[in-house]
Each structure stands twice: as structure tokens, then as C-alpha cells.
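Presented sequentially are two complexes of subunit A, the first with subunit B as partner and the second with subunit C.
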Partner chain A sequence: MTKSLRLRGAVLSLAILAVFLLTWQIATTPAKTTAPSGADREYAELMGNSATGAALANGVPTPAQFASLAWKQLSDPFYDRGPNDKGIGVQLAYSLGRVALGYAIAALIAIPLGFFIGMSPLLYAALDPYIQLLKPISPLAWMPIALYTIKDSATSAIFVIFICSVWPMLINTAFGVAGVRKDWLNVARTLEVGPLRKAFLVILPAAAPTIITGMRISMGIAWLVIVAAEMLIGGTGIGYFVWNQWNNLSLGNVIFAVLMIGVIGMLLDSLFANLQKKVTYAE
Partner chain B sequence: MSENFYSPYSQRSTLGGCGCGKHESLAAHDAAAERERLSRGLDAETLSRDFVEAAAVRALFPNDVTRRRFLTAVGASTAMAAIASVLPLQQMQAMAEEKGPLEKTDVKIGFIPINCATPLIMADPMGFYKQQGLSPTLKKTAGWALVRDQMLNGELDASHFLAPMPLAISMGLGSAAQPMRVATIQNINGQAITLALKHKGNRDPRNWKGFKFAIPFEYSMHNFLLRYYLAEHGIDPDRDVQLRVTPPAEMIANLRAGNIDGFFGPEPFNQRAVYDGIAFIHVLSKDIWDGHPCCAFGVSEAFVAQNPNTFAALYRAILNAAAAANDPANLPAIAAAISTPNYLNQPEIVIRQALTGRYADGLGNVQNVPDRAGFDPMPWYSMATWMLTQMRRWGYVKDDVNFDALAEQIFLMTDARKHMAALGQKEAVAEPASGYKSFSVMGRPFDPAQPKAYLDGFAIKRS
Partner chain C sequence: MPNEVLRRSAPFLKIEGLSKRYRDDLPPVFENINFRIDRGEFVCIIGHSGCGKSTILNVVAGLEEATSGVAVIDNKEITGPGLDRGVVFQNHSLLPWLTVEQNIAFAVRSRHPDWSRQKVAEHGARFLEMVGLKGASRKKPSELSGGMKQRVGIARAFAIEPQMLLMDEPFGALDALTRGVIQDELLKICAATRQTVFMITHDVDEAILLADKIMLMSNGPHARLAEIVVNTLPRERNRETIHHDPQFYRIRNHLVDFLVRRSKLIQAAGPATGEEAPVIATPGVESGAGGDAGPRAGRVKIVARGAGSPC
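After this line comes the complex of A and B, so read on.
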């Protein structure tokens, strides 16, 4: 039953893809133009219409054009032709590096702090309004403040990732720790378990699924933020790549980058999904 | 000894016969002296020394009449000795020529990917920086606000600016105040008003009430020239139309979507809109003010103070590049060099049309305007005073400012002349020597000595 469901799902997925590609092909097929002659020829050339009447290279590409463009990018992902022209692999590596750094700092602060907040109802009550206030702020709103105060665009990007990805981790850790079943804590108390042992052997495993969920949400946010941040600071990264191609009005490359952002985001998410499976327990 | 090339000691009076006795006639003597003077002008180092000397004398006697009277009274050689006794001329000449060790070679130079940045960009692929011992990193920057912020926080050592930006930043308009300097103008002319194709039949600005225009930045020549152009046609740019600050790529996207009616944009984006088949070029900026400055090459005052030799090397590289860009024969090669993904990342044919001035206008005609874009680097003081009058006119500057003092502090015209002379460029002695070149914008003459009267002459203004 489940097997046939999965099969049918895959077939439907492929059908959707086929319909999508077909629509794309129909929508972007260039209209045939006649070759201009005589005096109009120079004008046509200056306008980018070659004598053969080929479509403009800068509009939305056809699926075939897109495939060849994607192949060109993917076949040489690590080229480096100067500070403003690097391959897609190099750009993605820069972005992942920034995300890893900002995210690691966020995790290092959010998880211990969340532990404290979760263990102390007083701290929880005191800090909750601030967390709720800071949580919904957009990364783009942080950017000018960061640029102005940190005075370094690379550090600003990392700061923005940090500040946006710290909240879900913090809240989920606190929530998970606060929600550990009282019975287990009572058992630990009757057995006279020390506070450190209690934290690592009772609370941490009990709260782990909630903490990992928070980390997973944070990773999603960090990956969303990096694209926006890099579009603003320029220089390197996938966000800069999108901006640079957009500046050239090269939609094909922008679509390609969007696809790559999606693929990497999906991989990061499935990484945490696996981790989550490992720490889940049945009560 | 040969005559100083700039003739600071000359009384311009006829001598009573050939004094040296080597020539048969006065005419022959004069011709030989002139030949020698001109040959002196061909040697860059001599020219540099002469220039410093001439500048020093000019500083002593700002008024030419006084100088001539002084020379007549005491005689040229006495005057030379007298001036040498009060001015450390030799040290000054040595200082001007100094090509000491560079404080840093890995300078970071910011740029916005537009044609205006041609000299500072092409200096990289064409080797002008390397020639001066520099190995700069050219950082493509995502917007003018970011250029400003990265110059303020020192991430960039030097940058491509919109020419009014160093004035605005130095005055603290729209940012913290930090003294900036304009080393050279990057480009003159080369901008345009581009309108959506649907306005093909509506070319009279008087009918443009309710239009929405995009401009690249508040402190830009684009903003000031568009406001000027509209106001001259009776349209109040603050009340009758909407001006939106928009990055160039989004100007095109917004024009395509119908969100704006047109834009006053930098090249190659005007030409790009034509190339994409969505717009036509209504008027070139050269037809509003022929020879107007657009962008500048600037540094912070602190950078000049800390890195004088590096700054001088940058200066020479940019001036050489500007001279190369000013030669129409080089333009196709330049278009090819700067259109690559590392720099402008645009179709070469679009850049070439905007640079050479042989272009499709979007209305079905091929136009031929060789002076559509130029690269005269001289930072005339009067360009700065004009920008300041417009900032005052539209309320960006609230109080009365000393136009000349700001212009002379921020636009480094004397330095530009000095370096041009050292490179043997004849523009070093371009007139007027005062730097207050007058010009006219849409037929209205601008007298840089009378900025207040000029301001009062406008019917539409905010102050």
C-alpha cells in the first residue's frame, strides 16, 4: 500500500515537472522575425537582433537554453577570474562559510543561555518580552545598524546571520528544558543526582528533540538571511552572484542561482531532519 | 638658461634687440627661445619643476597686473632671486616630484558597474595601476549608499563616487561628516533621460505632470540635472512629479513593469533599456549641459595624509587612464575590456554604443554623437560650486554656505594640474588658471563668481 502510494506520488511529481517544462517552453519560444535589410541592418545589430532573427539572450531563457547555461556553470564551478567574477561553487562555499560561522556563534550562545532560562522560571518571565520583541526583526533591518556600528561589511553579514538565527534556538532550548517531565526530575532528586549530571543525563536528552527542532528552524533562517545580506554587502557569496546577474539583467543565471539556493537549503534541512530522528525517543 | 615654460617672470614686453648676441635678429632670438621653451615642455620632470615654480609665483601674486608691475619695477632676474630667497622653491619642486616608496600597494578601490567608472576600471585590465607599482583590488559595490558607508568605515581606500557625493559627505549630508577629496572627475556627459516607449508621442516635458522618474542617488548629477531640466520646463520636481532613488538594474525592471515613466540613469543602462526594446532615449545629458561632470575619483582626506605616495601613484594611474579613454580610437578596446563579468558584466555592444556615441535611439534611428561621453579629468572648482548651488536650491543644504571655500577644499584641482604636468599632459595648463570655468546649462549662463545671483534667478526652488 505505502509502496504503491510512493510510486504514484513519484509519477505525479514527474507529470507536474513535465507540464511545467512544457509551459515554460511554450511561453518562451521566440517569435520568428524576418531579417532586416539595408539601412535598418545597423540599427537591428545595435539593438542586439542579429540578422538571423535569434531571440534576445537576456530575456527568460527556454528550458534548453537554461540547461546549457546551468551545465556551463556546473562544469566549471570553481573558476576565479578576479575579485568580482568567481564560479558558482566558490560563491556557494563563501556563503556556507559565513552561515557556518554566524550559526555556530548563535548556537554557542543560544543553547547554554536557553538552558539557564529554561531552568529558571524567573529568568524565563523576565527575558521573554525582549526575546519576543527581537525575534521578528528582519535581517535587512539589522543590516544598516550592523554596517554602521561594526564598520566592516564581512563581519556585519555574519552578525546579521547570528542575530537572526539565535532566537528560535534560544526559545526552543528554553521551552524544551522547561518542559522536561517533573516525574523525571523528581526521580533524579530522590536519587540525589548532582546538578551537572542532572543537566547532561536527564534534562539534555529529554529536551534534545525540541532543541534540534529549534536548530533546524534557525538553520533555515540563516540560509534565508545570507542571500539577502550578501545582496547588500556585495563582493562574494551566492547572494552577490544573484545581485551581479540581476545587474546584468541575466534572468537565466538568476533562475539558476535560485535553484542552487533551493538545493543547498534542502540539503541543510535534511541534515537536521536526520539528526532529529536520532534524538527522538518514545515515552 | 632657458626660459621657464610657464613664463612667470616674463613681462611679455618686447626686448630691445638680441641681448645674448648669439642671434642675428630679435626674431631669430625669439624663435630659438620659443623652441627651447617648448622642448622644455616635453620633458615631464622639467615641466613639473616649472609648474611648481609658476604655481608658487602665482600664489605670491594672485593678480597678474601686480605681478607684471613688480617684474617691470625690479627686473626678472632680481625678482627670481628675491622670490627664491623667500620661497623654498627647490624643496617644493622636490616634494612635488617625489616618487617615494608606496605606503601600500594593495589598495582597495570601490566601483559601481557603470560606464562612468571607465578610467578607474580600465586602469586595471590595461595595466595603468601596475605601471605605477600598485596592485589594487577593484571591488564591485552594490550601491551608492554602500560606497559611502565603506568609504566612511575605511573598508575602501579610494572609490568611484557620484561627483556631488564627496561634497555631501564632507558636509555631513545624509551621513556622518568626514572630509572627502575629489582627485579627478571620472567622466563628463554620457548620461541620458530615457522614457518608456509608450511616451513616444509625448516629448514635451510641460506635459509630464504626474510622471514617475527613477534616479540613482539623491546626491547625483542625475538628480540635479533632471530637476534642472524639469524646472526649466515649468515642472516642479518635488510637487508635479515623483523622483525615486532606484538602483540602475531596477530602473529597467520598473520601466518594463510600468511602475515608472522614465529615468535619468547612468550608462550603459539607458542604452540597455533601448537594447531590451522597452524605451527610447529622450535627451542626452550633454544636450542639457555640454561637458557636465558626472562621477569622480575620490579618497578620504585621511588617506591622502597617511599615504601621500600611494595617493600620487593612484593619481598618475587614473590620469593616464583618463587620457587613454579620451582618445576615441581606444574606445572599442575599452568597451571590450570593461564589459567582462569581472567589471560591468554587460553586453559589449551596449557599452560600445554608449561610449562611442554611435547608437540606436530606440525610435528606429541610428544616431551619431561622438561626444556623447567624455573623460576629461579636470576637477574644475566651478563644477563644485554649481553642484552646491543646486543642493541649496532644492533644500539639501539648509543654510548659506561658502561655495568657493568648499569647492577649493574638496576638489583637488591644484593637485590634478601638478600631476598632469608631471605626466606631461598639456591639460595641466588648461584655462582659466583660477579653476572657475564658466559654462551654461540649458542656455542659462553660470557665473561661478556670482552663485547667489544665479540661485536667485530660478523661478522654481525650495529656498
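After this line comes the complex of A and C, so read on.
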């Protein structure tokens, strides 16, 4: 039953894709007068991406044009021809690097701190107002402050990633740690388990599903925010790439980059979903 | 026999003047609780829900603090939990992310931090075998039935080889059939190891089958330890034959009568003055005859007052 449901779901998914592609095709089929001659097309291909972009400058590419553009991008993702012409892989790597760095710093701070907050009602009461105040601030609102104090745009982007991913991890860790069943702590107490063993062998595994959920939310937000942050700071990264291609009026590249952002976001999320599955326990 | 047990000096566990108030604006749950448990004794406590049985057990376990009074184990006052007392929790409290053998190894390693991995595993396996769960060692608790989980909890408590085993309604959530099987196992293990046990139950039959002494608490608040019933059946009891002994019903009637009638009367009689000691009862045995009279000798004798010093 589940199997047939999954099969029917897949068939329906493909049907939706087909309808989408068809609509796309119909909407973008050029009127005869604007169709490029064979010579023009060859010329465009000779000139590479930017020429393709120029050819498409007047609008959304057809599915076939988009496919060839995507193929071209994906077959050589890591080329680097100066500041404004880097492969999609290079741009994504810049973005992923920033996210990884900001996120890792956030995790290194949020998870231990969340642990202490979760274990100490006093610390919780003391820090809760600050967390509640800082949490709803849009990460991009920090950008001017970061740029002013840090004075380096690349580091500022990393700071913005840090500040947006710190809260869900902090709150979920504290929540998970505070919510560890008293029975399990009592088991540890009656066995005279020391504080470190208790933290790593009882509290951490007990709170792990909640902590990983927080990490998953944080990663989702970080990946959303990096695109916006890179549009502001410029230079490198997928966000900058989108902005740059928009300025070039290369809508095909914009669409392709948007698709890549979605794919990477999906992969990151499924990474955490797998991790979550690993640490989840049935009671 | 029972009186000898009661008279022996230097008890293993000594509870004196224990009372507990959870909130200042509420009456104490129980007050002036006094009792002793000797090494090798199996003691059950019965009382209506809310009279504070779990609280008393938790005080002995060191998980809860009494409002007044002392609990002394092996001549040391209890100030916190310890490995000398093994606790079997009502809801088994296994760590769900660990397998059965890992749960037991966690306890064993806490008891013997210097042991090798292999020694810990071997020791744990021995206790898993004891409760008949060798085949389930790689399973997670969620893959076990309620009875199996409770057996793992028992194996875990036994595996640290505590001086005293504390059990809070360990079989309360089990069906009658499973409960019987585990009771038999427990009886066998305790007979073999001479384990000292303090156990809460709400099952009168279970108490008569397992316990040497059955402590009866009156209703709370202001609950008191009203009676200590000596199990006058021979120690070699077994679930299949115990019902054929007329003495079984004398004890049973005595306990049931307490639960349905006397536990309320004692509460209605007012708070404890601090003077009264629990009555020692030997149902079905002539007063003063102690254990010398055969268990089947007497007719139903409800209460034998003041036999020897109160426990």
C-alpha cells in the first residue's frame, strides 16, 4: 500500500514536472521575427556563457536553452576567469565556506552554552530576556554594525551567519537539556555517575534529537541568509553571483543559480535529517 | 523465628521519626515513621495510593529529602543516592538510546570503573541470563515488552550487587501472567543471593509470596506506619502451592481488612502523637507463641500486640 502510494506519488510528481515544462515551453517560444539565425547561434556558442547570457538578455530562456546553459555550467563548475567570471561551483564553495565557518562558530558557542542554560534554572532566568530580545532581530539588520566594527566584508558575512544560526541551536539545546526525563537523571544519580559521564552519556543522548532539530533549523536559516548577505557584500558567493547575473540581465543564469541554491539547501537539510534519524530513539 | 529477626541488634536499615511535608501550607504526607530492616530480609510496604510509600522509598534511595527524621544504612546516615542501594524504578527507566546490554554495562561500569570492557560485558551477561533475557541483549528497550523491560531493570539493579534493593511497584504495570513469572524469578534470585529488599506493592498476594515482613501504612495525609505483619508462612514459598495453605488466607484476610477498613480508622483517629509504635501482627498465630507454633497451628488471630520491642 505504501509502495503503491509512493509509486503514484512519483508518477504525479513527473506529471507536474511535465506540465510545468510544457507551460514553460509555450510561454517562452519566441515569435518568428526574434528567432536568431543559425550563424548567430553559432556565434553565441563560440562566445561562451556571457554571450549566451546576452542572447537571452531579453527574457526567460526556453527549457532547451536552459538545459544547455545548465549543462555548460555544470560541465565546468570550477573555472575562474577573474572577479566577475567564476564557475558556479566556485561561487557555491565560497558560500558554503562562509556558512560552514559561521555555523561552526555558532555551534561551538551555542551548544555548550545551551547545555549550561538547560541545566541551570538560574542561568536560564538570567539569559532568557537577552535571548528573547536578540532572537527576533533580522540577521541582515546586524550587517551595518558588523561592517562598522569588523571593517571586513567577508568576516561580516560570517558574523551574520553566526548570529542567525546561534539562536535556534542555543534555544533547542537549552530546551532539550532542561527536558531530560527526571527518571534518567535519577538512574545516573543512583549509579553515582560523575558530572562528565552524566553530561555525555545521559543528557547529551537524551537531548540529541532536540539539539539536532535546532541545528537543522539553524542550517536552513544560514543558507537563506547567506544569499542575502552576499548580495550586500558582493565579491564572491552564490548570492553575489545571482545579483551580478541580474545586473547582466542574464535571467537564465539567475534561474540556474536559484535552482542550485535550492538543490544545495535540500542536500544540507537531508544531511541533518539523516543525522536526526541516527540520534532519535523510541521510548 | 520472626521475633529473633526483630530482636537482632544493629539493623542494616534504620528509619527513625521520618516525616515529609511537600508544602508548608499542607499537612505532612506521613509522620513519625519508624522501622528497621535487617540484612537478608525482604520487606514489602502496602498502603493506599498517596500515603507516601514512594516518598519513603525515595528517601531511602537518597533521591528525596525527609522533612524530619533520619534514615541510617549500615550505620551511616543517608544523605544522597549511592551504589550500595540498587533501585528498580516503577517505569523501569531504561535509557532508550542504549541496547539492553549497554544499559546494564552502563550500570556495571559505574560500579566498577576500572574493569575492562570484556569483564563488564561478561558480568552484565550473567545478570541478563539470570532474568532470562540473554537473547534480547542487542535489543533496544522499545523493542521489548513491558515485562521484559522490567526484568532488564531488575538485572541492572542486581548487576551492581547492591547491599539493598529498592523497588517501587516494580510489577504494577504488568499483566498477571507476566507478573507471576517475574515474581518467581525474583523469589529464586533473592533466595540464592540473600538479597536485602525493600519493595512497594499494592498487590496483597504478591506481598505474602515475597515478603518476610509486610508493613502497612494508614491513609495520608498524616499517614503512619500502623502495623508490621510478620509473614508466618514458611520461607520456602512458591506461587503454585501457596494458595493451598489455609494460613495464606489468614494473612491475606488480615491485610485486606487493614486496607479496606482499618487504614481509614487510624487516619480518622487523628495525627500521630509521636509515641505510638507500629503493632507487630502475626496473623493466624497465637500471640506470644512467636514462630514456634507451626504456621498452621492457630486460628485467625487478628493482632498480637506488643510482642517484643517494636521493630
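Definition applied: the second predicted complex is superposed on the first by the 258 of 283 C-alpha atoms of A that agree within 3 Å, B and C clash if a C-alpha of one lies under 4 Å from a C-alpha of the other, contacts with A are read in each partner's own complex, and residues count from 1 in each chain.
Following the convention adopted for this analysis, a residue touches a chain if its C-beta (ideal position, glycine included) is under 8 Å from a C-beta of that chain, and two chains touch if they have at least 3 such contacts.
Quantities reported herein were computed from a predicted structural model and do not represent experimental measurements.
**Q** Which partner does A:205 contact after superposing on A: first (subunit B), second (subunit C), both, neither?
**A** In the superposed model, A:205 contacts subunit C only, not subunit B.
**Q** In the superposed arrangement, does A:191 touch subunit B (first), subunit C (second), both or neither?
**A** A:191 sits against subunit C, while subunit B stays out of touch.
**Q** Contact-wise, after the overlay, does A:152 reach subunit B, subunit C, both or neither (first, second, both, neither)?
**A** In the superposition, A:152 contacts subunit B only.
**Q** Counting residues of subunit A touched by each partner, does subunit B or subunit C come out ahead?
**A** More residues of subunit A are touched by B.
**Q** Between subunit B (first) and subunit C (second), which, if any, makes contact with A:100: first, second, both or neither?
**A** So A:100 meets neither subunit B nor subunit C here.
**Q** So, does A:83 touch the first partner subunit B, the second partner subunit C, both, or neither?
**A** first
**Q** Could you tell me if A:266 is touching subunit B, subunit C, both of them or neither one (first, second, both, neither)?
**A** A:266 sits against neither subunit B nor subunit C.
**Q** For A:249, select first, second, both or neither according to whether it touches subunit B, subunit C, the two together, or no partner.
**A** First partner only, subunit B.
**Q** Considering each complex separately, which residues of subunit A are in contact with subunit B in the first and with subunit C in the second?
**A** Overlap of subunit B and subunit C footprints on subunit A: empty.
**Q** Quick one: which bits of subunit B touch subunit A in the complex? Just the residue numbers, please.
**A** Touching subunit A from subunit B are residues 113, 137-142, 146, 149-150, 152-155, 247-249, 252-253, 272, 274-277, 340-343, 345-347, 349-350, 353, 358-360, 364-366.
**Q** Which stretch or stretches of subunit A touch subunit C in the complex?
**A** 181, 183-184, 186-187, 189-193, 197, 201-202, 205-206, 208, 279, 281-283
**Q** Which of the residues in subunit A come into contact with subunit B in the complex?
**A** For subunit A paired with subunit B, touching residues are 40, 42-43, 45-48, 56-58, 81-85, 147-148, 151-153, 231-235, 240, 243-249.
**Q** Note which residues of subunit C are touching subunit A in the complex, please.
**A** For this pair, the touching residues of subunit C are 61-63, 80-83, 85-87, 89, 91, 93, 95-98, 106-107, 110-111, 140, 142, 160.
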